[in-house]
Structure formats: C-alpha cells, structure tokens
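We just call them A, B, C and D in the order they show up, numbering each chain from 1.
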C-alpha cells in the first residue's frame, strides 16, 4: 500500500503548476473566459508539446503511453488553474474512443494527430431530448452509396466549436446495440457548430443538414460499439474527475486564504465557527472526491475491474465540486461573485461538469444496478 | 386560524377597480425584462400607480402613500402578482427600506419633504450599504461624513449598489466619529444622486443579466468630497445604527410576503412540455421527485413569508422570524437550482436563443441564487441574528428592530 | 387572515399544559416509558373526562364536535409532554374511520364508547410485507356462515397491545377497491396482541389464528371503503402532525435551555456558533412542520380541498421531527442520551412516528401524483 | 499509487498460519454478542492471541507486542475481519489508547511494567475521560489528584466509561493544580480498578444493548479518596495534557482503519431476502437508491480510514485527517440510519424475536449511531480541531498529536 505520488508524478505536477503560474495565472484566465473561443494557442501548444495532451495515448500512436494516475496528476493540476481548452475532450475522451472502438488503421490515422495537437476532436452523444447514455441516441443516418447522410442536432457537446472532428453517435438500427460512431469532419458542408451562451463552460450545438459523411468515417464495425465505447468512457471519466478534484482543491485553497485575510468584526472571518463549518464541509467533499477518484485510477492502472469505482467517483466528484463551490461562495459572500476574483470560473465549471459524461443521478443508477448484483457475504 | 385574507364587499369592489385599471394601464413588454425599453414602461406604470397611492398602499396618505388597510393592500399585491410583477414594478428596494426608516426616525419636516417623492413614484432610490471593507460588518464602514457648516462632506466607496437604470437619490450609512464607540459613531443620510463628486460605475458580477427587472447590474458608488445638506441627516448625528435597524429588520425578511415563489409552477410547466424518449418529462419518476423537492421548499418559504407578513402587519411581537425566512430563502434557492439542474440537465445552464425554453430564467437563476446568498446580510449573518433573538447561550433575548408597515 | 390561536384555544392549551405539569412531568414519563403498557389510568381517565379524547367526534355521538384546529392545539400540547397512550389511535384515527366508513348504527354503537374512554380502539393496516397503503393488504378472510375467519398477522399496529378493538383492513377481492374494514374484538378467541420491543414507541403485532369475527363487524359496505377511508386518514393525519410539532417544539425548548445552562470552555455552549447552527436548523424544521400542519388544519376546518396540504404536512413534519431530534442530540452530546434527561423520549417517537401513517417517501410520492396534475398557469 | 497492501511470500505464509490458527481457536458464539457467555469466549480468544503477540501486532516485542511489520498486521486484521471481529475481540479501547500514550510518554520502567499486561491480553483497561462538568472541555476536569507522600489521592467522578463486563485497570486525567494555568495543571494516571474508594455504577443510556461486543453499557466511576502510587503517574506532574494529546489524536481517528463498514453488505443481503408485493425489496427503485446512499457513504468512510491508516503507519505528516474521518463517520452514521429506516420501514426499529431479521443489529444501530455522536469528542469538537489544523482564520496551523503505531 502506498498512497503517495511517485517522484516523477510530483515532478510532473510541478511542471504543470509552473507553466500555469507563468502563462495562465488566474487573471489571465478570467479574461480568457470572456473570449469566444475560451482558450488560446499558447495553452494549446504547450499542452501538445509537453505531451500532456497525448499522455494516455499509447506510444506507438505518438502518445506518452502514461498510466492513468500519471495523466490524472496533470489533469488535477489543470483543473486547479482552471485551465480551459479541449484537452480532455480531444486528448482523453476522443482518443480513448478511437483507441477502443476504431480499427488499427483508424488509430494510426487519428491518434498521432490528436497527440500532436494538430487535430482537435470531441464526442457528441446527446440530442435535444437530453439524456446521457446510448438509449438517448435517435439520430439515424440515411445511406447513399458510399456515404451516410446526417440530419439533426447534437447538443451540449463540449468544445465542438473548436473541434476539427466530432465523433458522432448515431443509431444504425432499433436494437440497444445498434449504435455507430462516425468520425465527422466539421468542415463537411451542411455541418455547423456554435457555442451555447450561459452558465455553461464550453458546450456547443452541432447541427447537421443533409451532411454527407463517407462510410469510412465509421469507427470500428456497426453493432460492436457498445462494449468498446463503455470501456473508453470508463477509462476517460476518472480523468475528468481528476480535473474536478483540482478545481475543488483550488476552491478550498481560496477559501482558507480568504478566511485568513478578510477581517470583519475585528477578526479574520475564519475565526467564526459559521465560516469554519463551511470550510469543513468543503474539505470533506474535496477529500471524498479525491480518494474515490484516486482509487478508480489505481484500479484502472492495476488492471482491476474498475466500473463500480468509476461510477462512484463521478457521482461523488460531481456532487462534491458543486457543493465545494457553494460553500466557497458562503465563505466569500460578495467578493466571491466579482468576476475579477476568479472564484466563479470554478463555479461555472462545477455546474457544467456536473452533468458531463452523465449527471450524478445517472451514475448512482448504474451503481445501483452494479452493487445490487454483488455477491452477498 | 385563517390563512386567507377575508374581504369586505368594499374591498371586493376595490379589487374590480384595480383589475380594470391594471388591464388598461399594464404595458406590453417582452424579451429581456431588464432592457431599457421595458424598464421605461415599468417606470411609467410605477408613476401611474403612485398617482393613485397604489405604489405604497399602506403608507400614510399625508406623505403620498395610499393609506389603505392591509386587506386592500393584499388585493393590490395579488392583482399585480397576476402579471408576475411586484409593487413597485421596478427596482426600488432603496425607496421601500429608506422610506420605512424615515417614517420611523425622520422629523416631520423630513417626512413631508422626503417621503412623497418616494411614495408617489417620482424618484428611484438606491440603498448604499456595503463597503469594500464592511460587508457583514456594516457598522465597520469607512465611508466618512465630516460636518462643515450646514453641510456634511462625504468620502468613501460603496459596492453592490442598485440596478441597471440609474437612480435619483441614495441613502447610506457613514461614520461621523471615527474615534467613537462602535454603533455610536454612525449617521444616516439621504443624498441626491446628482451631487458633484459622486461617480457610479457598474461592477462585473456573476449575476449580470440576472432575473428580475433592473436587478441585473450592480454598481460601485464613489464619494469624493460630496457635500450633503445637514437637513438630509435622518435620526440625528451618531444615531445612524438605530435608523439602520429599521431597514435592516425589513431587509432581513420581517416584512414577509403574500407572494408565491414561481419556480414550482414554471418547472411543472416545462416538465409537461419537455419530451424525453418520446414522452413528457413529467412522467419520469426522478423528475417527479425533483418537482416535489421544489414544491416542498417553495411551500415552506411561502408559509414563512405569510407568517411574517401577518405578524408584521398586525404588530405581533417578532424575534427571529425575519432572518429565519431570509436564511431559508437563501439556502433553499441553492437547493432549487440543483433540483432544476437535475430536472432539466444542461438546459438549466443556457440562455441560448435556439434551445433555451425558459426565456433565460433558468440560466439566470443558477447564477442569481448564488449571488442572493449575501445581499441583505449573508446567510451566516441571519443565523447570528437568529441566535441572539432566540437567546442561545444567553438569557436576554435581543428584540427585533422597529418597523412600520 | 389571522394566524393566531383564539382565546378559547389558548385556554385549552393552558389546561393541557397544567395537567401535564401536575400529573405527567417529564420524570414521570421517563418511568412510564419503561412499563409494559406505556401509559397509566390517570392519563387515560383525564383524557376522557376532559373531553380531549373525543374532541373530534361529533356531539351526537358523545364527542366534543370540535374543529380540527382545536383538537390540534390539544395534540400539540400532548406531543410536547410527550404524553403516551392511545389517544390518537382511538380518539382520532379509529373514530374518524368509524365515522366515515361505518354505518349510522355502527357510529352510534362505537363512537360514544370511544369518546368516553370506555373502549380503546386502533387501526391495523400493514402486514409482514410492510408497505403503507391499501395495496399492501393481503389478509383475506374466509367466509363461514355469519362469520369471517381470519388468519395471518398485522404488524406495526400502534397501541394494539392496549386495545379492545382493532379495525382490521382485509382484502375482499382482487380489485384495488376490494378492501373491507372489520371491527375486531381483541378478546375473540384466536387473536393475540403483543407489543414489539425496540426503538419503537408502541407498535404491536396482532396475530389471527382461525379467529371468527361476526360479519356484522364489517364497517360500512364492502367495496365502498377506499374513498371514505381516505377521507378519514386525511382528517386524522394532521392531528398526528400536531403531536409531532409539539415534540419538535419541546426538543427545541430543551436545546435552547441547555445552550444557556451548559458551560464548557468557560462559556455557555450556546455562544458557540457550531451549537447555534444546530439550533437554527432545528427551529427551521420545527417551524416548517408547524406551519404546514396549521395550514392543512385550516383547510380542513374551512372545507377546502386539503389533500395536498396534508401530504405536505406529514412529509415535512416527519422529516422535521427526526431532524430536530438529531440536532438536539448534537447540542446535548452525552447528556442527551441519558435516559433520565428525557430527550430520548422524543427521539424514540420521532423515529416511530416517522413511518406512522406512511413514511415521508410515501407522502412525497402522493404529492408528486397530485401536483403533477395541477393546472399549469 | 497502490491501494492494496502488497505481501511478501513470508507474509502470505503468515496469512496461512493465521487462518489455520483462527479456524482452530475461534469460539462458537451466537445470540446477543454482549452476553456474559460470549464475552468470556472472546476474552479467552484475546488472551490466546496475546500470547502469540497478535493482540497488538505492531507494538514493540520487548513490551509484549508482536513487533510485526504493517503488512503482516493488515493480514491479521483482515483475517479477524473475516469473522466480523476486531483486534482485540473485546472492548479495550482503554488499552489501545492508554498503551499508545505510555509508549510515547512513559519511563522505561513504566513501559516494562504497564505495557505487557495490556499487549498480551492479561488485562482489560478502561479510559476515563469525561466528567459531568467536562465533556467537550476535557481540560476543565474537576477530578482532583493531591500528592501525599508516595501516593496521589484522587477524588472525583467520570462518566460514559467502559462496557458491560468490568475492567482490571483505568487511566484518567486529573487536575493536580486547581490554580494552575489551563492545560498545564493536569496529570495522567494508570489506576488499578480494585483500589479502595472506587465505585463503578452502570448508567442508563440510549445505547444500552447497542452494537458490538461489550460496548453496550456505560458506567459512572466514582473516586472517593483513592490512593494511587506516584509511580503510576505517566509523563510527569502537570504534563497530563501532553500525554492525553497522544490518545486523543488516535481517538479522533488518525490511526485509520483497513476495515469496511458492514452496513452496506448487510442492507444488501436483507434487501435481497425481504419481500414486498411478492418481489424482493431489492427490485424496488427507491430501495436501490437508499442502498446506493449507504454504499456511497460507507465507501467514503472506508477511504478516509484507509488514507489515515496509511499516513499513520508510514509516518506521513498528519493534520486534519483524523478528526475529519471521525466527523464524517459520526454524521454519515446518522444518515445511514435514516436510509435504513427508509429501506426497511418499522423493521429498522425492532429487535422483536419473531419479526426482526437483523439479529437486533438494525434496532441497536438506530440508537448507537446517535450515541456515537459524542464519544471521542463531539462532532463539533472534531470541527474545532479541523479548523485549527487547517489554519482557518490563522496563519499558524496546529499540528497533530504525537502517536506511535
């Protein structure tokens, strides 16, 4: 048993933190958040050049071939910034899908481009009748010779506005398993992407109007997608959790600092037990998120069955990040809602990522299905 | 016990009168309720209501109020509520709260001079309470007022002020004796907004574009050697904390309300309209659970508000009820946003013109419920007051501030 | 609008409180709780003689014909003691069922005896496959001439160990509405009652072994029971809520008092914000319970449709009483779990009454069914 | 990162040895685990374990411990846990905590004299911490120890002590200088239970007959001019608060655990066995939701315990982790009781021999989870310590007490 980071993981963490301090301090991120694209090229290039982007991608496809926990160290530090950009959508989620669902040829074609940052990719599942999970997929392509023709909309797709490819889940038949994933080039005529306004992070619509996609864009074989996709999602989710843990940690750090600096009634506010109570609840959520996430990562790295742990981690982490921000706002009162202070960067993410890859209720329901069948001792 | 207001035939006749008048005078509005155009219409409606004494229905007639009994006032609130509007139909918490303090603490001259413009809708008033250094600790303000002849010279800064459409006058609490004892060194002023040395600058806050008319933007107000006539000092020098106790009490919720939180009916309507897997969302058991969560929270809020309304208007002795209602409303606001997020998923976070079915209200509420944690005293401050009023750990129980309504 | 008690209600409240102070102070109740029967004759006789027991029963049947709110004033004061005994089971719940389900002849026979305290009655619905509601009723009598023959068990029946009659819900057919209510004399051969041990208040088993009950014991007519029973339950429930409100109030009173008297670290503990937080949460639950209950009572008294309010009140009150006790235990720490102190009298009730007449989930589900059909404005 | 203990071939061989030994020596028990008969069997098992050094596996060999490495100790815990038992298999938190304080603060003579009886299972030790006047405020004790020649004379009263089956010795914290400064006027004693002037009387508490072996009954211990040899003063006169910091730290949870809370597996089993409407309860969506609630809470508790176990055994610098784990366990205990009540309805509240399917554990837990809010420091005290250790509102961060394990 050893719950510490390895030396190389600590160095990795330090290198991300150094970069953030240099290139992406909080006031820069506050400004960036106001821009249309939401991130900038420095961030993207660094992520690619340092290898953070493609860390999880096997070496033979141009990636770092790192362990899940190594990558999580990076994503936790990114979440602490909080660093914007499609790193997770492209380098983790899409790459995992291509790796597990795609053919060898598709892996060789797409993964190196993703790892190098040359190509940005994301995953589109949900539709206007929003529901996470494959049974919510209704979009059904028409076949036309060597093409599929797509009509309809994918909604709440993270980072689609910045993506070159959108891996689009479509229905190929009426059966539960009749799902296909199309590697759709966003420059295809008839496809448009647009970032949605509001308290979301970087969710977009993708509209398909008579869009012709070559059949070769189909990842893997039709009908055999479900298990491979599930595997990819199980692998990717804990990295998103790590990003959320980093955010919750930052929100904790801010709150403790503010509790020391802010003076009211002649005392630092952290001396008041009401304020202490908020921070205690906050740190409990933070640590619950952290350790459920770490255990899921360890199970993946050590080849153990990780499904229960992944669902547990995502449920706990999503609830925890949201709660952590709420408590931080109670600590900060008016200061916390000033845009320049930066707390709301996290609050926004805590909301948007609450439902990313399935809201807590979804993961709790899946947990119920899994644990209900655990052998009773 | 009787939870329903009962009406005399005269009051029922009054309802018909109000209803007819409103149907004739209610402006057509749409889109962003906080737009300049909509604001102008609501502002005009306010002036029209004010001319009839309907803007401050229970305030004394001699100061421009309506002089109406409580039941008639409820009739007015209910009829306005049918249009989804409060009275006044624009942001004027400064007039409501400041007016109450002047009624209690002002001289007769001040009441005659200062109240009619507020009560008849001639002016919009902003309250300036919070400073960068003085949030929960209001009495720790570092905005100073120094006497100079017939005037006071004010310097300092107040934040989280007002709304998007400007104001005619401010009131604020200042330090008139920096060396004086706490709570005994403050003074309360009514200040024309156009005095030289006043600068108003919008703040960048999470709640921008939030729900409600004119409640969107907040401002910083800077005072740079602003000269205010001494006649505008209300309640006497260094008596400002007393004057403030009146409006703080009301702001902490002791005035109560007869209105209903609209989130349940809205969520119910959308849950009927939205489809999931080809069926209305309302048929999903999870969705129903979340609707009931919202229902329960809003019903409790409504009942706390109703209780306070009754206690306040019938002059029952009040203790912790105001801050309790305020605390509950703040915290249940957060819970309701989470239930709405669970119910509608990512739709709860977007005001996108193509996809948002809520006219921007869902997205705005996700943010405004967070912002609402602090104004009128943080949730923690409400608990501090409740503890003193209930007498936790102490025999003597602090009593509520003096209000009139 | 007038949310105050009337003068006569205040007098009523005072008279109950005076009786409790004289005859049933808390240390007496602590002793009584340890006895097999759980209450004594003084309590029972006083409840009957003062008319508290039969308050809700119409005057023509020997009762007080009081309004719901009047009776609630009494039950709130009883809950504040907390007064034990089958007052609610007999004088409210059973009497309401007989009044609404029974024939005129049955009313005239049973209600005066209940009002005078001569006869104690209770209501048995749930069975070993516990579930509140009529669809949980499986016990099916055999017909034998002028008798029904009963076999099986009713469980978690409040006060059955002290009852002369148990109104027993039985199944008369397979349809949802095929329910009969039998006025069963507990002295019938083949019937036994026994109080259950544990952290319950006064829940019992009723065992039927070849028990022969005359057909005349059937209340009303078979098949027409559901609506009348529902009406009786809707009328009775807010009185139980009032009893719970009284308990939550007592627990609040104890906590505030203790916060003043208990000194730790040189200060009364109520000066610590952690302790204040417990009491704030407690009083919020208390007042939510109180005002939802009062509104339901007012709707009943004024002839308004009260179903939504009754379900709301029972859900809020049951959750609130339980939470109130939990917070009171946080305030009291070790002192609170000493039997002689008396707080646990309330804790026990807060648990047992949590599921009485249906647990909060049941009422929330019914609320969902009701509010989902409210006309949308 | 590695969440699983890794074992050398020697350690795996040790597992086989332990397993074989346990299967031979484990007594047959049944019914009320707190019965006198069962207790005697567990007590004997403890002595047998003690003879092999398995009762305190990581304690130094020269004082009667096992001198084992952490991984071997985990092997032992796991194998005992398979029988649902802790080590020691009877109530002896006094030995665990007091032993730790003596190891850190005792003289060599005291370690050699006092530790072996504890570590080999010869004695059962009770901790006497709380007084009627000193609950959360332990340092406010009014139990006095006055020096008289080679002895101290002790007078006072301690409550919430021990279990149902008596003890051989006590340790407690006393005031040796009533006029001294707070925290500098206390002394820590080991006291034979049979000294004249000691009276033990059972208390009547909510948790009577609660879960766990010997944890049911609590007692009051009265000291009436009890003469204790000065040689039993540990850590020096007026240094008692330091000595206490060691066992308080452990009691606040910093020792951690590798065990699992059994409520989830129990609830799951019952939900499979219990029928509702002719189908297993587990098929009910509400029931599944409650099971997941329990699962999530117990998993978080397990992970906090595991983290602390690792930190403690590998001597990582600890701050707030101990009290965090303790706080979370206390509060989640209450939530679990509510989930169980929701799951099983009134069955959760009865130990009736005919109807209870849980062998009394459900009913006992409904009460013991309430009782568990205060021992080892109330939930509030855990928060106080967390605040100091995290440095809320202060730059200096208090460090955790010194422990050995």
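The rule is short, and it goes like this: a contact is a pair of C-beta atoms (placed from the backbone, for glycine too) under 8 Å apart; a residue touches a chain by one contact, two chains touch by 3 or more.
None of the values given here were measured: they were computed from a predicted structure.
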item	value
Most distant chain from chain C, judged by the mean position of its C-alpha atoms	A
Approximate Å spacing (C-alpha centroids) for the pair chain B, chain C	41
Numbers and ranges of chain D residues touching at least 2 other chains	383-384
Contacts with 2+ other chains: residues of chain C	269, 272-277
Chain contact topology (line, ring, star, complete or other)	other
Chain B to chain C touching residues, read off their complex	1-6, 71, 74, 264-265, 268-269, 271-272, 282, 288-289, 291-292, 295-296, 299-300, 303-304, 306-307, 310-311, 314, 316, 320, 324, 327-328, 383-384, 386-387, 390-395
Chain A contact footprint on chain C (complex, rising order)	272-274, 276-277
Complex contact set, residues of chain C against chain D	126, 128-132, 135-136, 155-156, 196-200, 203, 205, 264-265, 269, 272, 274-275, 322, 326, 329-330, 333-340, 344, 347, 351-352, 354-355, 359, 361
Chain C to chain B touching residues, read off their complex	1-5, 69, 256, 259-260, 267-273, 275-277, 279-280, 283-284, 287-288, 291-292, 294-295, 297-299, 301-302, 312, 315-316, 364-365, 367-369, 371-372, 374, 376-377
In the complex, chain D residues that touch chain C	130, 134-137, 140, 159-160, 203-207, 274-278, 286, 334, 338, 341-342, 344-347, 349-352, 354-356, 363, 366-367, 370-371, 373-374, 378-380, 383-384
